[in-house]
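Below are two complexes that have chain A in common, paired first with chain B and then with chain C.
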Partner chain A sequence: MADETFLSDDLLRQLMSVGEVDLLVGILSHSSANTMRRAAHYVEKSLQQNFVRQRVAIISVDGGAAEDAGSDYHSGDGQPGDSLNSKGLSSLRTIHRITAGFNGTPSLGLALRTILSSSDLLRAKACAVVSPVTSSASPEWVANLLRPAFRDNFDFVAPLYSRHKFQGLLARNLLYPMTRALFGRRIRELYSDEWAFSSRLGTLCLNEEDVWREEAVRSRPEAWMGISALTSDFRCCQVYLGEKPPPPDGAGPDLVEVLRQTVGSLFWLLETHQQAWMERKGSEPVPTFGPDHAVTAEPMEINRARMFEMFQNGVKELGPILQLILSPETFASIQGIATLEQQFFRFGSELWVTMLYEFAASYHHSVINRDHLVQALVPLYRGKIYAFLAEFSEASAADMEAVSEHLCLEFERQKPYLTEKWKVGVEVKS
Partner chain B sequence: MALQEDNLWYKDAVIYQTHVRTFCDSNGDGIGDFVGLTQRLDYLQELGTNTIWLLPFYPSPLRDDGYDIADYTTVHPSYGTLDDFKAFLTAAHNRGLRVVIEMVMNHTSDQHPWFQEARSSRDNPKRDWYVWSDTDAKYQGVRIIFIDTELSNWTWDPVSKSYYWHRFFSHQPDLNFDNPMVFEAMWEIMKFWLDMGVDGFRLDAVPYLVEREGTSCENLPETHAIIKEVRKRLDQFYPGRMLLAEANQWPADVRAYFGDGDEFHTAFHFPLMPRMFMAVKLEDRKPIIEILDQTPPIPENCQWCIFLRNHDELTLEMVTDIERDYMYDEYATDKTMRINLGIRRRLAPMMENDRRRIELLNGLLMSMPGTPIIYYGDEIGMGDNIYLGDRNGVRTPMQWNGGTNAGFSFADPERLYSPLISNSLYGYQVVNVDSQRRFNHSLLSWMKALIKTRNSYRVFSRGTMEFLRPSNHRVLAYIRELGNEKILVVNNLSSSAQAVELDMQRYKGYIPIEMFGRNLFPRFGDLPYLLTLGPYQFYWFRLRRI
Partner chain C sequence: MRVTIVQGLEQAYYNLVHMVAEFLPRFVVMVVIILVGLLAAYLLGHMLRAVLRLTKLDRVSEDAGASRVLRMADLPSMTELLSRSIFWITWVGFILIGISVLGVAGLQEQISRLFRFLPEVFIAMLILFLGLVLANFLSRAALLASVNAGIRSPKIWSWSIRFVIWILAISMALEELGLARQTVLAAFSIVFGASMLGLAIAFGLGGQDLARRALERYLGNSTKEKYKEPQPL
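Our next item is the complex of A and B:
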């Protein structure tokens, strides 16, 4: 199907009716109509309470549930649900509600492209994207995301969440420190379900016509958008939203899929923005709004024993592949720690960062199939997390922040190593 | 032209609101009078209006533009004599124009003989005609209406050494309707004017007639009982006369003043007015639809009165705080334009003299359910003077021509009761009746055509209304229907061209005929009916099945 047909006639008709808006909120989901309705409810409430004068629209983009979600989901004026009341808080204007289904295979990338196109056609000054799967999201979240983009001229607004110290481990141990070191801005949650952006950034991304079929963009479009903002020197900020509980058991994708999406996306972004990250040195904080990012401390059940076992088995079974990806020294070090007893096992920051940078460089040089390469990282990641949990089980919130900072600095310290590997290539072993 | 015999005439009325003082001065004293008004009746007939609503013309200290009445049974000497009034009334009726006058039941001036007697001693027979108290602690919590000038609803009377109750200015003591003699005295006054031939009363400040401890002292059952008694006597002795309620309340509260068709015939729809302005500024139909959806049905023999502007401030009491702030920010950026909880501006300046918006708002006024009221001068786009005190900026002399004193008076300009509007945009040299009579495309000519069209179809005054809800929210569309008469009204509330698709399947086969040009448009079919509208454009279509 030709790209130019991805906006349906029905969507165009809805956009024509809306006209121009100040704010657009996209609800981006593959989930059920019920979760979509819940999200639509809190988004609408937020707009009613916080942006009473603005022209606003909500677009729900859902590949699977649009039809049944849409039955009671159209623009209203004085219809039930819209006219809260005439004596209380209520938007002065009609809150437009748009539904968009997909013609093609659903993906978050296609959904975001639909939102970007809508935002562009509606000439929205700022746009927020939220996910119905975030059970703790509230009307305030939407307002907090939108305000910096709408009122303070920020181009990319990333969220900050409260999490348990053992939650968000991938972000803490890999995604945040690596993106920070490479792209030079301290944004903790580039891979998130909620974010906001300005019309300038939206237009820039929409005009990137060649990226939409890339898996990295299809699966994690928010990271692509965030990195695009960082590398094009758009104004970025973070805003504290609140607690973000983990999805219910079995609700999210498995670890392999998560790493394929996130780390695969990150490695791909390194390639597409190599000039930008190579020129950056060190890292700078970005403006952060709201209360301090706090780590909560509720206990969590994590089966560590199984993780260590999977690490050891993975190193053993994937040895030939890891040899292709890693330098001999790094591979040997990995093999070395894989033979340790559980109680002595450590996965140091230096080795972890070196290993990841070698993975990134090998991805760049395509030493093996890229998808297989990312999957080979899975057992190693499990080993790192096992070690992390063992080492910091008693750590306080402040300790955890110090550990994170230490890791970030290690990523920054070793960045020249990645640059070197990236430019000259790794030694491909036979 | 004789008056039509129809007890429901107020449903078909197009009311012209004016003040004797502002309209035409016949004797050169700088103040309008009844003789002058009578001379100008042809103009009102020519405009197409069929009812005149006069602001108070009674003797008064004029500390509240005549709403502080000192004598209910004659005419303020500045405006002429009772005979002048009678002549005016006859002349109006001869032209088919009905006359509605003000009746302020709630309070009098403190100069009224009743109050002078009442305050003279605690034993005076008239003492109990007003509401007195030894303390100012009674009726605590009752809101103060004129918040810019009054600190309390009680004022200390140094003469009788006690407090008297007043919901408005302190020089307007409230009458005590718990005393039956007060009601009877007021009925006698009404009879006086009814016997003379007036066609109706606008009853001022209706919700506040009775006070009760522990209540808001508004809309009390006892107040309704008083209105019912007035209505009963009116129907019995003066059938065909009309009562119009001034009750600045939410529609659900005003609804009670229609009773079971046995209280007021008509009542102002106050909350609708600011929302029409809001809708045009927001370019969104939501405010209008929302308030009309909240408006309960009224008895068959009753009617809402709707208006854009009047002699008072554009009241923002019946809006939310958010809506009020928005209205202030958009229509009264200069704080001088604000008074009490409202905006003291005329229609044309509020619309920045944008002819398209003025027409759109008048189009709404004439096509929505209710009896429309035109405030004098708005039909020619008169401006205001926000630098005059109180609400006098919207009460300047009528601009008849570009000559001396705008044709209002031959007095020395310095003697006029109010300075004329004379700026380069709205001044009488530019905006006046004579100049607009000369061109078919003037606002005045356009207004005449609009009113004529409205008057030609009873569906506008008596028909039902049903909103269409096209997905384009900048378009307000509705169907008016009365028997076989069907009208489609489509309004573009926005400053840009709009396309709209209307679901007209119910009217499949009907041909829409544009009512001003009488042009045929394509017949309605199965598909959504596509219309395009220019900025602020509106269509009235008569739907015909041929």
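Our next item is the complex of A and C:
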């Protein structure tokens, strides 16, 4: 049940005027008003074309640009037959637009909570969350995300993208294989900007009162929601959306911040769902709509030498910190490969997985401050990515898939090691 | 003569008996106070340990990096340290009260002076401990940030932060104890001022190129291409 006191009076007024809907689309952003308007335009277009008879609403939850966006947001209030329609079909119902602002510090977690509460109050059967950047890529994305949750009764719908073979390397080398090995479901993109869910999963997450202040949920609510669906044995699926657009300014996000958010969130989720992942063995595929993810291989310029230098420097300077986190054998192995020449450097799957599991166990036992622990992983990740780029610069898409599968199986093979490290610490502490 | 000696001995005997008669009850009271203190200290320490375990103070201490400092100093966990401290503080307090009951002239004044000085000692120790924890935490944060940003000689930044916080904590602790206030203040000003001046001169003269590059970066005029990494997500 939605906590109505958490929502602002203005938002409640808007929700009451809408009544009930079948579908709700939330646009999460801290972007400019123009970006939000464009995103809302594409979302509305998609809904008009694909959900002609359904009652739908779009809620824009934006921290910085809410007022600005809101001033113009309501003016084009979803009249059927807007000039957006290209198929000749138009929605038979009014598409409602709602704007929600923040009272406190904006965060994605707070935005998701607002969407969940709104979805609950509007009795929406399915809900999709999209980012303004990617929702502009193709109007079909929103419909493709919503369909499995609305028509096929799936509770959690994750996206699948087409990517360059050297993009999404954190997901390929760490997030996907580790999540798959531990939680037993093969969902490739748990850390994404768009996903969909059923009212059942929405209610389950909304009723979790204690999690909303957690940094992992504030920064990466989609992963928490996905793992909640997996561990509660809800029906999950993946849907192919298309090519993932690059970040707006052309530059990638800050690596340290991305690792703090994603890996920090994953380690936190391991702790909060330890009973669930410890009991699971192996992994199973989930239903996939559309083709499986695709990999492209155009040439790409990356400064690999600098990456290797940062790895070596990191191992040298952070030695005392790494010694607290890693076992003596693993630390010695890392030190050993850090002394190799660039052309001979390899970061094997076995060492990579062992090292990550030791990081996860040390996070659980709070060997050092947890944020510092995740930051200490950054140079090692750079080393792994350097080795990956060097080894697979000429590899085909099929070769890359084979390597990824091998890594996933290594994570599954070493899972008992993590369980052992995890439990040993608990016994010592108690 | 003989009578005088006997009277003297009798007087000495009476005085001794009188003193013992006066001292013995006080001594018994002192022993009782010390024993009651021992019991009270044990109970307080035990209760505090239970409460701190319940509130998971050790986890908070781990998160703040305080536990590592304790381990480095070969001290027990935060819960154990606080529990033992409260035990000893309580018991020593009772022991001093017990000794004051004896009514030994001079000792009482010293004890009361010690009691008056105790809060300041405690606060000074607390300042030092917090300074140590803060210095450790911030220097590690600086080291990680510098290494991950690819800054050269990251340990210089880390140690600079640690050094400044230590100096600040030691100065504050000595100030709290009231030891050589003027000297401490002057020493702190000299050390801190000299460090800052040294850094400014080193950066301005020794690192002209570095300063220019930093300013260019700050003003957005850098000609060097920014280091880019493959998109992680």
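Here is the rule we use: the second predicted complex is superposed on the first by the 399 of 430 C-alpha atoms of A that agree within 3 Å, B and C clash if a C-alpha of one lies under 4 Å from a C-alpha of the other, contacts with A are read in each partner's own complex, and residues count from 1 in each chain.
Everything below uses one rule, namely that a contact is a pair of C-beta atoms (placed from the backbone, for glycine too) under 8 Å apart; a residue touches a chain by one contact, two chains touch by 3 or more.
Everything numeric in this text was worked out from a predicted model, so none of it was measured.
Engineer: Considering only the touch criterion stated at the top, classify A:H96 as touching first (chain B), second (chain C), both, or neither.
Structural biologist: first
Engineer: After superposition on the shared chain, which partner residues are touched by A:P379: those of chain B (first), chain C (second), both, or neither?
Structural biologist: In the superposition, A:P379 touches chain C alone.
Engineer: Is A:G19 touching anything from chain B or chain C once the two structures are fitted on A? First, second, both or neither.
Structural biologist: In the superposition, A:G19 contacts chain B only.
Engineer: Thinking of the overlay built on chain A, is A:T262 touched by chain B (first), by chain C (second), by both, or by neither?
Structural biologist: Once the two structures are laid over each other on A, A:T262 reaches chain C alone.
Engineer: Pick one for A:Q342: touches chain B only (first), chain C only (second), both, or neither.
Structural biologist: So A:Q342 meets neither chain B nor chain C here.
Engineer: Looking at the overlay, what does A:S396 touch: chain B (first), chain C (second), both, or neither?
Structural biologist: A:S396 contacts neither chain B nor chain C.
Engineer: Which partner chains sit in contact with A:T203 here, chain B, chain C, both or neither? Use first/second/both/neither.
Structural biologist: Neither partner.
Engineer: Check the contacts made with chain A and report whether chain B or chain C touches more of its residues.
Structural biologist: The partner making contact with more of chain A's residues is C.
Engineer: For A:N303, select first, second, both or neither according to whether it touches chain B, chain C, the two together, or no partner.
Structural biologist: Second partner only, chain C.
Engineer: Which residues of chain A touch chain B in their complex?
Structural biologist: Interface residues on the chain A side: 13-14, 16-19, 52-53, 55, 74-75, 77-79, 82-83, 86-94, 96.
Engineer: Which chain A residues qualify as touching chain C in the complex?
Structural biologist: For this pair, the touching residues of chain A are 166-171, 191-192, 246-247, 251-253, 255-256, 258-259, 262, 300, 302-303, 306-307, 309-310, 313-314, 317-318, 321, 324, 366-370, 372, 375-376, 378-379, 382, 385, 389.
Engineer: For the complex, give me every residue of chain B touching chain A.
Structural biologist: 250, 271, 278, 282, 284-287, 289-294, 319-320, 322-323, 326, 469-474, 494, 496, 498-499
Engineer: Touching chain A in the complex: which residues of chain C?
Structural biologist: Going by the criterion above, the answer is residues 59, 62-65, 68, 137, 140-141, 143-145, 147-150, 154-155, 226-233.
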